[in-house]
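Questions regarding the structure given below will be posed in turn.
We call the chains A, B and C, going by the order they appear; numbering starts again at 1 in every chain.
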């Protein structure tokens, strides 16, 4: 058995064939079935299978692209539940982006932020206010709502406004140390929500607890984006951008300085890493992902109100990061996907199944225990169990593995070049530059 | 404007002291645990909330058995307080044992995360027990002290309006003060109090001096949680209606109080609590007036958080705490 | 020629004086040792030079440029690198990454460059990796490049700290008890490494050390602190026979007896 597994791990061809069979079966069953959440989820999990293959990164991305861009929407489009699948997929994308943003702050820079949803709110309100008549209450010029074409610009604006908020909140907050930071960010998150909740007077900016209805849908080439199946593609593009950005930062000077600050602030400073700047950058970049997705969220729901931005939401995103593995990009993607699906599909499915049982009288369960109400319990349990038994999450963060041979050669080449050009005395000068 | 503010002062002081006393006792729990473990026990607010529910449940049961009308209210209250304190104290000890002790050497982030987890878990468990029993998670307990008193502040000076108080106010304040004095005596006068102070100073040295550190930490959690739970009962008595989510905001504010007074400092927590209660009541009574109608009482939570942030930024050691520098 | 000039440095924590008027002149390319009994204020002295603590009074001049008021990362930019008494590595990061963090100020990549993965940035990154690898070769840790820093042995961790400090291309290197916890063989290797580094990297080295054999062997100048004050200063042979120093280390009875 073990040797078989070993062989599988080494053999790309077998992996490829098995993956292909898996994808074909699941997509076919999704295509045939009128409504099968199982098939939908199984097809999604082919991506996890793909992650564990030995293919080159480029190949993996290509396959993932084909599955996400063509296969999933196409095979799902046959059934009645098409839009609800796409709704789930869209939300999964939104949450992954946010979790990746929080992962920068918590996982990489080691700053526990319990008010992260605030940046999502900022993005959502930015679009919500200007894409409705709301803006005309306080803007001295311009006609509102802005047209659906402006949505694309607002993705960028949402990104910058959220980053700006990240910096503005960060400047005072980051002077606070360790555990206090958690409390202060929590406080800030609540402050922002309370302000949005009450900013209907003296000037009506956010329409208070009533929320902002009928947000203008995005428009491109004369087509209005109204359905989840359309938003799915917007989210997919932003998500890809997010993943690439995170990957870039992770293995750069910036990513290293985040981790250095997390590991040891004093040593990081002594090595020339500016503490405040580094932390602010983590805050701003993390926030910007949320801001972008906030804009999308506002457009998708066509409605913004403060209840979408509670502490529970902040904690949900935190659970995603912890579950997947702090600092681990693939882990956080997995964590966010699992949590969103659990939240939206599994809990509701189990609830309706239980209700069915209830109505047939086969089994009875009180309403208080209905699974869809048990989010807090489940999140709480997950947080505790993972912190105690698997603090590094489902897919723990791994350090970049450097190619020893390549570096050896590079080093040898440089040494050789030096010896040929430099006479022995000035070698000291040269070595100084190393 | 000044006149209007002055008129409300008696009522503000009374309400502020009541709320402040509640904050102060909960803040004690935060401060004790932080002093000893340098851990923010996020779940403490939920212990307070559990206390409110346990107390109310006991009251309801006893009412059902007809005891409440048979004995004087004050005896009833003391019984309920003691029972609840013991139960929540055990709850706190259990939480420490399960969620914090195994993580004592883990990175600082991790116990904070379990604390949030515990907090959510408790909220939901209480919710569905309440919902199962009463059909609704918002619970109103039996009213122990119905009388209203009126303080004729206007007779002192005509600037003031009269203030009205429930009898329970006096009870809450007196009980809270007794708890605080009791704790202060315990910490400063008893063997276990001394051991607690020793562990807070230097855990390792204390253990070398044959102090049973684990036991001391357990006792700390027991006392902190017992006080928190008892305060929950007081809260339920004073304000009547409770739900599983009262612990969160209240806990946060109590934490603010602890920070304001200087975290780790017992007397600081008491001072911070009373101060925050007064400030908050003042703000909620006068914010509309002071800001010319721009901000209303709904911003009183913002006000409390703002105090927290300002204190942490400019005087992180609090009013009575000592500054600490990290050793390099 | 002096490179580092410390004048009347004083540090008070509340009522406690950790350093009182400690001055020191460090010659370029020299090895200076700061010694003294435990609690004499040596590490505090280092912390002031590197900007971790701000001195209560006194000045620090590097190449006649004042360092007072600079943050630690700014001091590092000016060319002072250090290691720590209680090892402070980035323990979850790999050995090579630790050294790469040391190069922080010398890697120019900015936000935009990284985001768009510009060729220049890629080239710079590759070159930095090679340089970091060379530093690992230099301290003998090259085969462990992908290992987590926390998995290294104690002696290897100390050497990694040195490689990381060298990565910052310092002109002055501060070593805080580099030989602490090392066996005689490791200490001997360290002694050779310090000498070699000074030579090949044209460094000025200041070290705090309790191992007198090492101190006497490599340092050209010794500063002795006791109770936060400088009690003696000079060449090793002078310090060795200075009664005040012996008294500080062994107590007042030792001088008469010896």
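What we mean here is this: contacts are C-beta pairs under 8 Å (C-beta built on N, C-alpha and C of every residue); 3 or more make two chains touch, one makes a residue touch a chain.
Chain by chain, the UniProt names read as follows: A, B = Branched-chain amino acid ABC transporter permease; C = Branched-chain amino acid ABC transporter ATP-binding protein.
A quick note: this is a predicted structure, and the numbers were derived from the prediction, not measured.
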Open item on the list: Centre to centre, using CA atoms, which chain is the farthest one from subunit C?
Closed with: B
Task: Per-chain Cα centre nearest the global Cα centre, belonging to chain - done: A
Open item on the list: Measuring centre to centre with CA averages, how many angstrom lie between subunit A and subunit B?
Closed with: 36
TODO: Compute the distance, rounded to whole Å, between the mean C-alpha positions of subunit B and subunit C.
DONE: 49
Open item on the list: Suppose each chain is reduced to the average of its Cα coordinates; what separation in Å results between subunit A and subunit C?
Closed with: 42
Task: subunit C residues counted as touching two or more neighbouring chains - done: 52, 84
Task: Set of subunit B residues in contact with two or more other chains - done: 328
TODO: Send over the residues of subunit A in touch with two or more other chains.
DONE: 266
Open item on the list: So in the complex, the part of subunit C that touches subunit A is made up of which residues?
Closed with: 50, 52, 71-73, 76-77, 81-82, 84, 88-94, 96-97, 100-102, 104-105, 107, 109, 111, 114-115, 117, 121, 125-126, 129-131, 133-135, 137, 142-143, 145-146, 148, 164-165, 167-169, 199-202
Open item on the list: Per the contact definition, I'd like the list of subunit A residues that touch subunit C in the complex.
Closed with: 245, 248-249, 252-254, 256-257, 259-260, 263-264, 266-275, 281, 399-402, 404, 407-408, 410-411, 414-415, 427-429, 431-434
Open item on the list: Which residues of subunit B touch subunit A once you look at their complex with the stated criterion?
Closed with: 38-40, 99, 102-103, 106-114, 116-125, 127-128, 131-132, 248, 252, 255, 259, 293-294, 296, 298-299, 301-302, 305-306, 308-309, 312-313, 316, 326, 328
Task: List of subunit A residues in touch with subunit B within their complex - done: 106, 110, 112, 114, 172-173, 175-180, 182-184, 186-188, 190-191, 194-195, 197-198, 201-202, 266, 311, 315, 318, 322, 326, 366-369, 373-377, 379-384, 387-388, 391
